[in-house]
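Provided herewith is a single structure, encoded as structure tokens, for subsequent inquiry.
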Amino acid sequence: MADARPIETVRLEAFSDAVFAIAATLLVIEVKVPQAAAGELLHALLDEWSSYAGYAVSFAVIGVLWVNHHATLERVAKVDRSLLFLNLVVLAVVAFIPFPTAVLADYIDGGIANARWATITYALVMMAAAGSFALMWLYLGRHRELLAPHCEEHAPATAIRRALAGIAAYLVTVGIAILSPAVAVAMFALLTVAFVFAERPAPRK
Amino acid sequence: MADARPIETVRLEAFSDAVFAIAATLLVIEVKVPQAAAGELLHALLDEWSSYAGYAVSFAVIGVLWVNHHATLERVAKVDRSLLFLNLVVLAVVAFIPFPTAVLADYIDGGIANARWATITYALVMMAAAGSFALMWLYLGRHRELLAPHCEEHAPATAIRRALAGIAAYLVTVGIAILSPAVAVAMFALLTVAFVFAERPAPRK
Amino acid sequence: MADARPIETVRLEAFSDAVFAIAATLLVIEVKVPQAAAGELLHALLDEWSSYAGYAVSFAVIGVLWVNHHATLERVAKVDRSLLFLNLVVLAVVAFIPFPTAVLADYIDGGIANARWATITYALVMMAAAGSFALMWLYLGRHRELLAPHCEEHAPATAIRRALAGIAAYLVTVGIAILSPAVAVAMFALLTVAFVFAERPAPRK
Amino acid sequence: MADARPIETVRLEAFSDAVFAIAATLLVIEVKVPQAAAGELLHALLDEWSSYAGYAVSFAVIGVLWVNHHATLERVAKVDRSLLFLNLVVLAVVAFIPFPTAVLADYIDGGIANARWATITYALVMMAAAGSFALMWLYLGRHRELLAPHCEEHAPATAIRRALAGIAAYLVTVGIAILSPAVAVAMFALLTVAFVFAERPAPRK
């Protein structure tokens, strides 16, 4: 707020932050209280391991996406209508994450056919998230007048390359999911941890 | 925050932004995880196409309304109690959108009689949203002392005309819905896309 | 943010605003999509009138409480731990409002015995809301060093008197609810409209 | 915002605040409207005492954690990627609290075996919350270059000691829960009240 960015960017940031925060917090709604007969609660709670794992992984995913989003908007000086719309696409995908998370948690330890499709559904939404970031940066790369002066020359190219790398990683996971959904899910967790540590913090001088 | 607008407008903006963000994010709650027998998950997921479409359209609608709301408050310098109340009406309609969205998603591919009423319900809430903006601007047009100095002379008239055009468009959709609910739903999507691109960005010099 | 209030008040305000906004928006979750047989959707939707009315009234109630809360914090310069706790009590009551709203909507057009208790439940939560504000101002009245210099001498007394008037009004409604729950519910709506217009806007010079 | 902290801390704070606010407000979703036969609503409402108690205790817990979180970030001048990740762990635990609250409310007055595990589940999540704060401060203690100049020398040690005291208190409660879940739940309430008043307000000179 102390800097010179116009208020539109600030409000877009605040609105986007709220969507990220709510999407992350809503994940808990999909962790249902189990129905347990007398003396069976411990067993019933342990049985829901996939819900807890899905919660943790998707919370981390939304956290990583939030950091990426922050690093993006920090490099934006002006917001036009197309960028506003592209940002809305990013938010719509992020806010949708609780759904594939719940699908995955519910079907991962059912039969393999359903587990496979649940895993693919999750991977597709992750690819959509990466793709929506790529679209935003593709637009920014062609409308450099919207970028802040401190934005690095290569920022659009870097961001798009990363998004494509993310999509490729999830495509590989889809391949794995067809063979073994369980391994694919472990990959989701690993990928998320990798993203957490692979991203450089947004430099700001 | 750097500018001279009194803090009341700033807080009203922040509060309103939160309601818009939450309403958009809550839409995902109405996308339910399907119950699927072994091997039937893909089919069950595809069967929910109307929920995904409803999610996408309503998310975009709330995004468009957020931009309109932002363009409105940006032109307001002072907030009196009536304006506060009229703004609350806008927010109440926006926060209600997840309900007609769910009704539409649930009944669009049932029998035509129910699909018709589901479509009309959705259109009515959209008209209420446009109407609530019209009321706000009607009030602002009659209390120009609340408007910011940079607000254009014709802003109230323009905003009201647009809101009425929106209401008319949805009225036409109601007429179509009686003949074919499916076409009416396609119209909802088209109207939203039109709104996204038809609106001029709020000028700020 | 431009003024001299310490950051704690600003953050408390932001946190409180978020709770108000979320509580209001969550009201829509209690408006359930009806189950309707073919051709019965219109009837089923109209049958839910009490859910819509409850949504509208409680949204307005939370709006009124938000304005009151805003007017309160605007007069606070410093926040100590007890005030933080008392504010938390206010927020806990506000965030609870979706529950009595749903109880009222579900039971108002069942038998009179249940309608009576649903109405009383709603009135009790309203009284708790008014009472929590009274507690906050009682504390502020005894710790005037926390108040801002521009706060009026009589502000604590005025706020407490108003809160007590609100409690009295809801007590009368409880009496009416025993005779006729429907009339009591109409009173809830009237009371809310009265509050919207009775409150003076927070003066700020 | 008026002070010299970089914008990253400010945004992290805003994002975190939103998660705390939403987690607290979502607690009400777990308070379900009871199904009651004619004339049975009062009884059914009173029967849900454990849901109301869980709501109140968890709301207070999230409030206490919010204050602690605020006192933590106030002492942080720079945020690196690891701290961002550790903060995300804190938020993930906080946003998870509605789940053990619902488990506890649902099973506390069932058979003792289930009540025992419900109580232990709740205590485990509380310990995870305290532990996540301890991890954050452990990291801050080893990366003092991230701390603000006004941060007290002993702040990390104090924060860790407190977190461990909290974990110890909940461990004792687990021991009690095995003997008497009801007493353990009363302990949860007492512990929360103790935390509310034991914490010193964040000094700021």
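We just call them A, B, C and D in the order they show up, numbering each chain from 1.
Everything below uses one rule, namely that contacts are C-beta pairs under 8 Å (C-beta built on N, C-alpha and C of every residue); 3 or more make two chains touch, one makes a residue touch a chain.
Remember, predicted model here, so these are calculated numbers, not experimental data.
S.K.: Same residues or different residues: which describes how chain A and chain D meet, taking over half shared numbers as same?
M.R.: Answer different: the two copies use largely distinct residue numbers here.
S.K.: From chain B, which chain is the farthest off, judged by mean CA positions?
M.R.: The most remote chain is D.
S.K.: How big is the gap, in whole Å, between where the Cα atoms of chain B centre and where those of chain D centre?
M.R.: So the centroids are 36 Å from each other.
S.K.: In whole angstrom, how far does the Cα centroid of chain A sit from the Cα centroid of chain B?
M.R.: 25
S.K.: Find every residue in chain A that makes contact with two or more other chains and list them.
M.R.: Residues 1-2, 14, 18, 22, 26, 29.
S.K.: Which of the residues in chain B end up touching chain A in this complex?
M.R.: Of all residues in chain B, those touching chain A are 1-3, 13-14, 17-18, 20-22, 24-29, 31, 33, 36, 38-42, 45, 55-56, 59-60, 63, 66-67, 70, 196-197, 199-202, 204.
S.K.: Applying the document's contact rule, which stretches of chain D touch chain A when the two form their complex?
M.R.: 1-2, 6-8, 10-11, 14-15, 18-19, 22-23, 26, 29-30, 79-81, 84-85, 88, 91-92, 95-96, 98-99, 102-103, 106-107, 110-111, 113-114, 117-118, 121
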